[in-house]
């Protein structure tokens, strides 16, 4: 498959490497922010699945490809079905307009890649 | 309670009146868009409740007060609890940053007003 | 007519008064910026009418009510018809999504007010 | 010429391929949205040329490179001259600020590429 | 002076009242976010004055009136001069474009109000 | 080091080349805008260093990678320390939310590259 950007593995490596550098800085508040960011999506009154869908829609309407990639990956792990994905995509599209379409195209590519990656991960576990 | 903007009733009246004017124009495509907007939140693979929460978070991170008001009202009708509301608010706040705080303040006011309105509606039904 | 905001006359007075204060500051660059802003909409390879429509759509998708008000007023002066207005509104709505709808409602109100103001201006000229 | 991104041909292929995948999903509302998006730019009270210019300015101020690319290509097909392009660019720049400059740089590159592509298309027709 | 919105005193009261309600909710993470928000502007490697100017420019380019009001007030307390204010306004205007002008108008009004309020506060201290 | 985008040298070359093309167009107003953009960051009531920090934060919250790259480079030239950079990053992160994190990752990479480039430039001067 032709890629318009880095592979999912490259994305993850770059993300982890730069996050390490950011957290290695002596700025405690940035570390606390990263911590809050992680916790925002943990199981609570709302399930992790719903929260990841909230994160996905926020990322799409704010048009942040890397954020979309991250939440697509997490939604796949949380068991979001294709029908559910496309309904969340539709809410984003209607709310955010056609300006979100290029991001939607990349989201759909990321969804395919994430399904493949997720299958490997599980078959590798046996 | 001091109001930073119109009451919920005024909001609803203005919204309905202007929507009627927009839909009375001879532009069929705008009518179709409004139709798609309504349908995006209907029960499907995802529940109406989850979809309204998606709409609420999209509205908060895009910082649209009237959209927030509308989805707060709908979320109350769908039975979203206070704990669920505040977790959705937290996702919006972390994703969208402190720039969303003024909108969060108004969202919390709208939540109070919507709970009051919803109670009246139900007690009025008997 | 119920107003969700200031009247068109109040808008214009406030705008002119604050612009005067801004331009009275000793910051020459801000003055030059205001100058560039005025010139951007003057007749050229594209007509003033088309440029005002460009300004209107930019204002709607960026969701700036005061900018929308200004360009609606100018478009009325340039002779934009209702059918043309609604097609420009539709481009904004499709490009910018349902998040622009509250701004569209106010734009339609401003359009009515501007038509009334424009009629008075012309009948007053005799 | 050095490219900061995919060639115009690659852009078009990726766009078409992913659009097909999106439309192949069973989500009827997304299909309808895509339909509305196409229709918004068709000849009406405003000409296609003016509507494509509206789409171009909306894309520039919302800073969506792929959307800019698409509307630059369409504007070239509609016969928009260089002087007209640069006046529309100037409206976008003044309205959207220096933050649009990186997108303007890529728009100018896309304009060159689109002129070349359009010439080939026409000479190929004979 | 005609006001396009609430007085500075009303703004402060509403802000404090709603912040209390938000912090009274049982959502610890929102409380932590508010804490991080306060700390971000405290004296450090960069002075509070510079940080408040950073907050002001961020608020202007993101076009959040309440955030602008807050940082104008804080900048006045930090001793920012009119010349410094207008240079920061100019950076915001050039970076964010004419779409920030309505917010600039309100910022200049807030600056006048804040200077008055600040004078009273100091004369009241004797 | 793995690069998620062009090298700093490539960025600078592309930027200069396309700016030349834009300024070679016959649109005088765009030339004036570019001039205003340059002047906004010159020493005045506020130092160039502070103004570049303002530009950096504006670029981060508006999520414009190329603008961030440019201001990181200029801040390094103005002698901004790592501690100062990270406090400015923190203000951007808190104000703009987690949606700015992907841009922060690239900013930190650009900071490393700019430090390296700046060292070379100075050692090359002898």
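Letters A, B, C, D, E and F mark the chains in the order given here, with residues in each chain numbered from 1 onward.
Rule of thumb we're sticking to: a residue touches a chain if its C-beta (ideal position, glycine included) is under 8 Å from a C-beta of that chain, and two chains touch if they have at least 3 such contacts.
None of the values given here were measured: they were computed from a predicted structure.
Comparing mean CA positions across the assembly, the chain most remote from subunit F is B. Of the two interfaces, E-F and D-F, the higher number of touching C-beta pairs belongs to E-F. Between subunit B and subunit C the CA-based rotation angle works out to 120°, given as a multiple of 5. Comparing the CA-atom centres of all chains against that of subunit E, the greatest distance is found for D. As a whole-number value, the distance joining the C-alpha centres of subunit B and subunit E reads 27 Å.
Between subunit B and subunit F, the centres computed from C-alpha atoms are 39 Å apart.
Separating the CA-averaged centres of subunit C and subunit F is a span of 33 Å. Of all residues in subunit F, those that touch two or more other chains are 29, 33, 36-37, 40, 58-59, 61-62, 67, 83, 86-87, 90, 93-96, 98-99. Residues 36-37, 40-41, 44-46, 50-51, 53-55, 57-59, 61-62, 67, 81, 83-84, 86-88, 90-92, 94-96 of subunit A are the ones that touch subunit B when the two sit in their complex. Against subunit F, the residues of subunit C that register as touching in their complex are 29, 32-33, 36, 39-40.
Considering their complex, residues 6, 10, 13-15, 17-19, 21-22, 25-27, 29-30, 33-34, 37, 58-59, 62, 64-67 of subunit D touch subunit A.
By the touch criterion given at the top, residues 61, 93-100 of subunit C touch subunit A in their complex.
Only residues 2, 4, 63, 82-83, 86-87, 89-90, 93-94, 98-99, 101-102, 104-106, 108-109 of subunit F touch subunit A when the two sit together in their complex.
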